[in-house]
Amino acid sequence: MTEHKPVPGSNAPGKSVILELISYDRETYNKHDSLNVEELCNNLQPNQVNWVNLDGLHDLDIIEKLQAKFSLHPLLIDDIMADQRPKAEEFEGYLFFTLKMLYKIDSRDIDYEQINFVLGKDFLLSFQEKEGDLFDGFRDRIRLDLGKVRKKQGDYLLYRLIDIIVDNYYNVLDRIGDIIEEIEEKVYENPTNKTFNRIQSLKKELIYLRKALYPLREALGKLVKGESEFIKEENLMYYADVYDHVSHLIDSSDTYKDLTSSLMDIHINAMNTRMNEVMKVLTVISTIFMPLTFIVGVYGMNFDHMPELRWPSGYYIVWGIMLLIVISMLVFFRRKKWF
Amino acid sequence: MTEHKPVPGSNAPGKSVILELISYDRETYNKHDSLNVEELCNNLQPNQVNWVNLDGLHDLDIIEKLQAKFSLHPLLIDDIMADQRPKAEEFEGYLFFTLKMLYKIDSRDIDYEQINFVLGKDFLLSFQEKEGDLFDGFRDRIRLDLGKVRKKQGDYLLYRLIDIIVDNYYNVLDRIGDIIEEIEEKVYENPTNKTFNRIQSLKKELIYLRKALYPLREALGKLVKGESEFIKEENLMYYADVYDHVSHLIDSSDTYKDLTSSLMDIHINAMNTRMNEVMKVLTVISTIFMPLTFIVGVYGMNFDHMPELRWPSGYYIVWGIMLLIVISMLVFFRRKKWF
Amino acid sequence: MTEHKPVPGSNAPGKSVILELISYDRETYNKHDSLNVEELCNNLQPNQVNWVNLDGLHDLDIIEKLQAKFSLHPLLIDDIMADQRPKAEEFEGYLFFTLKMLYKIDSRDIDYEQINFVLGKDFLLSFQEKEGDLFDGFRDRIRLDLGKVRKKQGDYLLYRLIDIIVDNYYNVLDRIGDIIEEIEEKVYENPTNKTFNRIQSLKKELIYLRKALYPLREALGKLVKGESEFIKEENLMYYADVYDHVSHLIDSSDTYKDLTSSLMDIHINAMNTRMNEVMKVLTVISTIFMPLTFIVGVYGMNFDHMPELRWPSGYYIVWGIMLLIVISMLVFFRRKKWF
Amino acid sequence: MTEHKPVPGSNAPGKSVILELISYDRETYNKHDSLNVEELCNNLQPNQVNWVNLDGLHDLDIIEKLQAKFSLHPLLIDDIMADQRPKAEEFEGYLFFTLKMLYKIDSRDIDYEQINFVLGKDFLLSFQEKEGDLFDGFRDRIRLDLGKVRKKQGDYLLYRLIDIIVDNYYNVLDRIGDIIEEIEEKVYENPTNKTFNRIQSLKKELIYLRKALYPLREALGKLVKGESEFIKEENLMYYADVYDHVSHLIDSSDTYKDLTSSLMDIHINAMNTRMNEVMKVLTVISTIFMPLTFIVGVYGMNFDHMPELRWPSGYYIVWGIMLLIVISMLVFFRRKKWF
Amino acid sequence: MTEHKPVPGSNAPGKSVILELISYDRETYNKHDSLNVEELCNNLQPNQVNWVNLDGLHDLDIIEKLQAKFSLHPLLIDDIMADQRPKAEEFEGYLFFTLKMLYKIDSRDIDYEQINFVLGKDFLLSFQEKEGDLFDGFRDRIRLDLGKVRKKQGDYLLYRLIDIIVDNYYNVLDRIGDIIEEIEEKVYENPTNKTFNRIQSLKKELIYLRKALYPLREALGKLVKGESEFIKEENLMYYADVYDHVSHLIDSSDTYKDLTSSLMDIHINAMNTRMNEVMKVLTVISTIFMPLTFIVGVYGMNFDHMPELRWPSGYYIVWGIMLLIVISMLVFFRRKKWF
């Protein structure tokens, strides 16, 4: 939950860094793994799309060399190194786009990772701290020349990468939807603390999702309006499509937020109903047995002069009276609809 | 509650698909059922309104052929196949409009289905997954040349179809209004869990309704502003009218939302009032009988020296004291307005 | 609570319909009652203000004739016949304005009725379902040539009619304000279900009021901006004045909404305080008498060997101990500030 | 709480009316008290600032004469006579500005009074119902030629008067801030109904404050944008300064609103905590003494054959058992952390 | 919590005032401590950046001299002396910027101090009441010519100072985030009043943070739009960066606000669950022992004719019955899932 701090593990030299270059155009495709920065710079192909991916932001040396090579602004480097809200920002010579990538969505707690893109004329840089991303399938598609990506420029590549990240949000929301349905069935009949805690953790996930989605829509909106020279007009509609998806995601997360607060109401009501029942049981029992106990107490007194004690049928009369009391109590409670 | 997934049942070859063409102008009217795509293409009438309706989105072959014939954009096809928020989007050569259609509104749970329209110069395509729609009566009106539809172009046809769908929302809201009134009468006198659950399911219906209505208004607002070249200016006022209806629906759903939360308050208050009553009964009974039981306990003790036990009128004096206690308790509670 | 339905009682031929024409200019004034449509059309005065008032929308024949005479758009007729949100809409040849009129405001439940205006060059049509309106006093003012109305055109007449309707809203809000003050005094001392239900019905009234007021402000805002050619610029300030009144009404209804939710809080707190008191009484009584009852129970046991029972002062010692217990309990509760 | 009604006491001839004229420029200063309207009109100084102040709106005769003299619009007169939301409105020949003045702020209940300004070329009219205002100190500053006011025109005078009124709001908010701090200290330790009622009355004060402040900001915003010809551009920054003050007041009232709702939460939690404690005491006492009372009851039975009763140490064994029960209960409650 | 008042301690001559001047350009750097105003004015370097810092606003004499020297507007002086919401305002000849500086963030209660900047062509004035600020490290960087500051003008200096202040907000938010996580772990298992009070104090801190942040974003937004001539266009992106940081801070504070209200829900639910448990214990104990106590009471009665008392096995039968009752009660509660 800490924010804006430098990513932990910075300057940890033991941790490996992955630097990867994919260059392609309609005809050619080249992939270079485990390069150092100098090799990478030599391998950049002037008239092709050069996708440079860096996993691991703690090697300041690499960052600095990339900064020099692509003349990245110091503010941009600051933004890459620290936690940022999703945004699109135009610098001289390139467009900067940062957003949150979700992964490990199967486990209870979602992990967010910031991914940063720098889109220039013939290059796209992507920066992230942790190894591994959502793009492996897509890399194959580039290699095999599936879809339009090889026929298009870097702005289309950026669209595809954002689109893949956004699609991944749908999985999280679908899972939240499933859990809501599951809880809903349980909460009516058996409101336990466990269901309550699940509702709370759903709410928390939705809070974080919205924090990632709202500024993302804003950032995409900026691009869709055609404010950036790095997105060709013919590709604006692709960004508009992602924009629509994010809007849809926001709608859904709003809906789910309303549904979780509805679940909360159901839980609270179920708790109160239970409390009510408990109190009724207590009251019925007390109301029936307190008078009876009093009566038998009366005839347990040791006064010398208690004429009823001497009556032959006194004992049975007392039983009769007590039976009458019980019956009238039950009728009273029945009328009050207590059971 | 799952979203953005491909519609279940895709590629299920067993499921039938309905492809239907209605072509008309002022003079002529033709309807072709159960066509295959090739026949359909041959039957399109250049200077007439051609309404192509496809029920069943799982036959990818048909979709692809239609895509080719009408040169539909791949993004549009994606939007048709997946769950979308209602929107209007202009492509080159046609206008895309998608919204949610309600049906089976008599049952407890409302069913939403996405319906997609593509409006071109001389054609209107409508796509939906499930068979059956709300337009049968309207098809007859076209055939019989009732109303203005035969005198107008495809943009008017689209307006009419949207209008029919929106009118159907009114039925749902009316039913919700009726249920609210019904619950309101009950909840004051007898707040059961059943009424509570009905309130909750109303709330849920309203949440989904709003999710369908807000983006629909937005989409219509785009058309009303005259941004689309496919809606003739003379027909803008019809779209403005549907826009007003949707605004009215939103107002009503807001009102109903406020009313259901008011019902919740009433329910909760009724529950609390009951709880209060139960507690009062318990307290009154305890407060009266505990002192009495103590007193009779005192004279049930077996001490050798308890002078009161020997008094001839001791028993009667005790009864007198206990009567006094009861009366003073009742006066006390009366003053506290406990009953 | 049903909406958008055709007004109930349509086509009920037994119900009477009132059609009325008032024509005036600076010099002349004419009023015609109980006309049929043909007579009315003959009596229209070309260069005067012609105010045509129709009470009763179920006679479709009259509506159709008026539609033909004034060339009203079918959409407009639909809007008149069905429940609409307040709006202003410009058609070719006239301006359409619809809003809600309040009446029977003295009774508990407010009645809303939709009133529709059509303002043309030299005519103003007003349509409503039920007989009787708020304009009788104003009709006299026209006849007697009081105020400016005879010196002005139809747009001023429309302003005056809207102003009269809006002024009537103030009565409702004043009454709500009075009731809030009344409840406030009661709720602190005696939170009964009756006060709670009154708060709820206030809330409901405010919900409906806001539903009528917000779109009305929107509609007036459209006119104030000078978008309509049927409102002369010199009269815009009158509409601005009504606009301000409606804004003021909205402010007040917001204030009252906040006050009613404050009343709810007070009510709930008063309920809880009572519950707390009840529980304290129960607990104090139980805590005092349970130990005492236990002690006297001890000496009610029948063991052969219970030395205390034989002590001459045993009985008095027990009383002393019990007194000690009661006193220490009372001190304990006093310290806990339970009473 | 009634609104838009004519000010009570209208036409009450007994009540005195104050009409006052202050005329000044750089060199001269004149003040005329208790004038009648005719005298006032004769004393107006053409090229000076003429500040006409009227306390008491019930003398319709004076109002009508002023209306004639300054050619005030009838709508403006209506606005002066009735309760209005703060607003700025430009008429031909003058600017109308109305806002709420606070006074008697030391007492528990704040009094709001509407004050109306009409700013013309060489005059400023101020209207209010009740005698006495906040401007006495400022009148002295004009007379003594302190500050800039004598060097400036009527628009600067209007700014100063509004500024004085707005400054007075700060006093109220400061007092509210002090009360919040005071309550906060108490509510944690001792949540009484008295503190609750104070919170509620704070909330009510804030509701009314906001109702006065929001439209005031709107009205000032209109002026700051330079829409009025009666405010010279060189003085716009003064209005911008008041605008900022009102924004600051709104921020503070929002903050205080949040703080009062936080106080409510604390109060409710404190109440619940107390309730919990009460219930725990009751339960601990009941759980300890009920089994004990049962046991002593067992040996109070009068069966002929109860072997324990004959055991010499039976009595002591029972005491031992009971001691064991008490100890184990205490251990149980300790583990549950009930005390 | 008092606002808009003159800073306490004004005119307290005993309190020391710090007046400091730092002048620099690319080549030279001069720092003058403990100057009086006259000396300061003589030391201003025409073509360098002159940063004048004043700690202590109570010496009106200094303020007046500075006002005269830099021709500061009286309104600006008022704004410096009183509590203001963060804002940017352009005066003739300089830009005024005021915001809140946080310090003593380690202690429980955050301290806010207003800091005011006046940016002119070749000077930057900074005013604050209390001694000590966050800029000491940065002063060293200027002296040592680290970073870009010596190569840039006053607008960059202002950016850096604001940036340092904003960065400090991150520390507060991080600490709040840590506390939220800490509380969350505790509140599930053990909802004490202490955790509740910590949640409340978090909420309060967030309320104040937001009050400082929202207008700050507004003020920065004004600058970012390039409305001020005192910010060079080449430096706008730096201000845009601070703007983004403040937006991020607002997002985070919103998220934390949602999380604290979620914590509140958890706390309240935990409290209710406990209450429920307590009530269940009470009810179970009462329901088991009340009937038993009644039964033993029956056989404690002293009637002459009670046949059971004479049965040899009567005592054992009673024990049997009581055992049966206990067992059936336990089964009943088990089925109700009470334990």
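Just so it is clear, A, B, C, D and E label the chains in written order, and each chain counts residues from 1 on its own.
Here is the rule we use: contacts are C-beta pairs under 8 Å (C-beta built on N, C-alpha and C of every residue); 3 or more make two chains touch, one makes a residue touch a chain.
Bear in mind the structure is a predicted one, so any value in this text is a computation, not a measurement.
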What chains do subunit B and subunit C have as common neighbours?
none
Between the Cα centroids of subunit C and subunit E the separation in whole angstrom comes to 41
Go ahead and note the Å separation of the Cα centroids belonging to subunit A and subunit E.
25
If a residue has to touch 2 or more other chains to count, which residues of subunit B qualify?
275, 279, 282, 286, 290, 293, 297, 300-302, 306
When the ring is traversed from subunit B toward subunit C, the order is B, C, D, E, A
Interfacial residue positions of subunit A with respect to subunit B in the complex
167, 170, 173-174, 177-178, 180-181, 188, 237-238, 240-241, 244-245, 247-248, 251-252, 254-255, 258-259, 262, 265-266, 269, 272-273, 275-276, 279-280, 282-283, 286-287, 290-291, 293-294, 297-298, 300-306, 337-338
Residues of subunit B touching subunit A in the complex
1-5, 73, 75, 78-79, 83-85, 87, 89, 91, 190, 193, 196-197, 200, 203-204, 207-208, 211, 214-215, 264, 267-268, 271, 274-275, 278-279, 281-282, 285-286, 289-290, 292-293, 296-297, 299-302, 306, 308-310, 312-315, 318
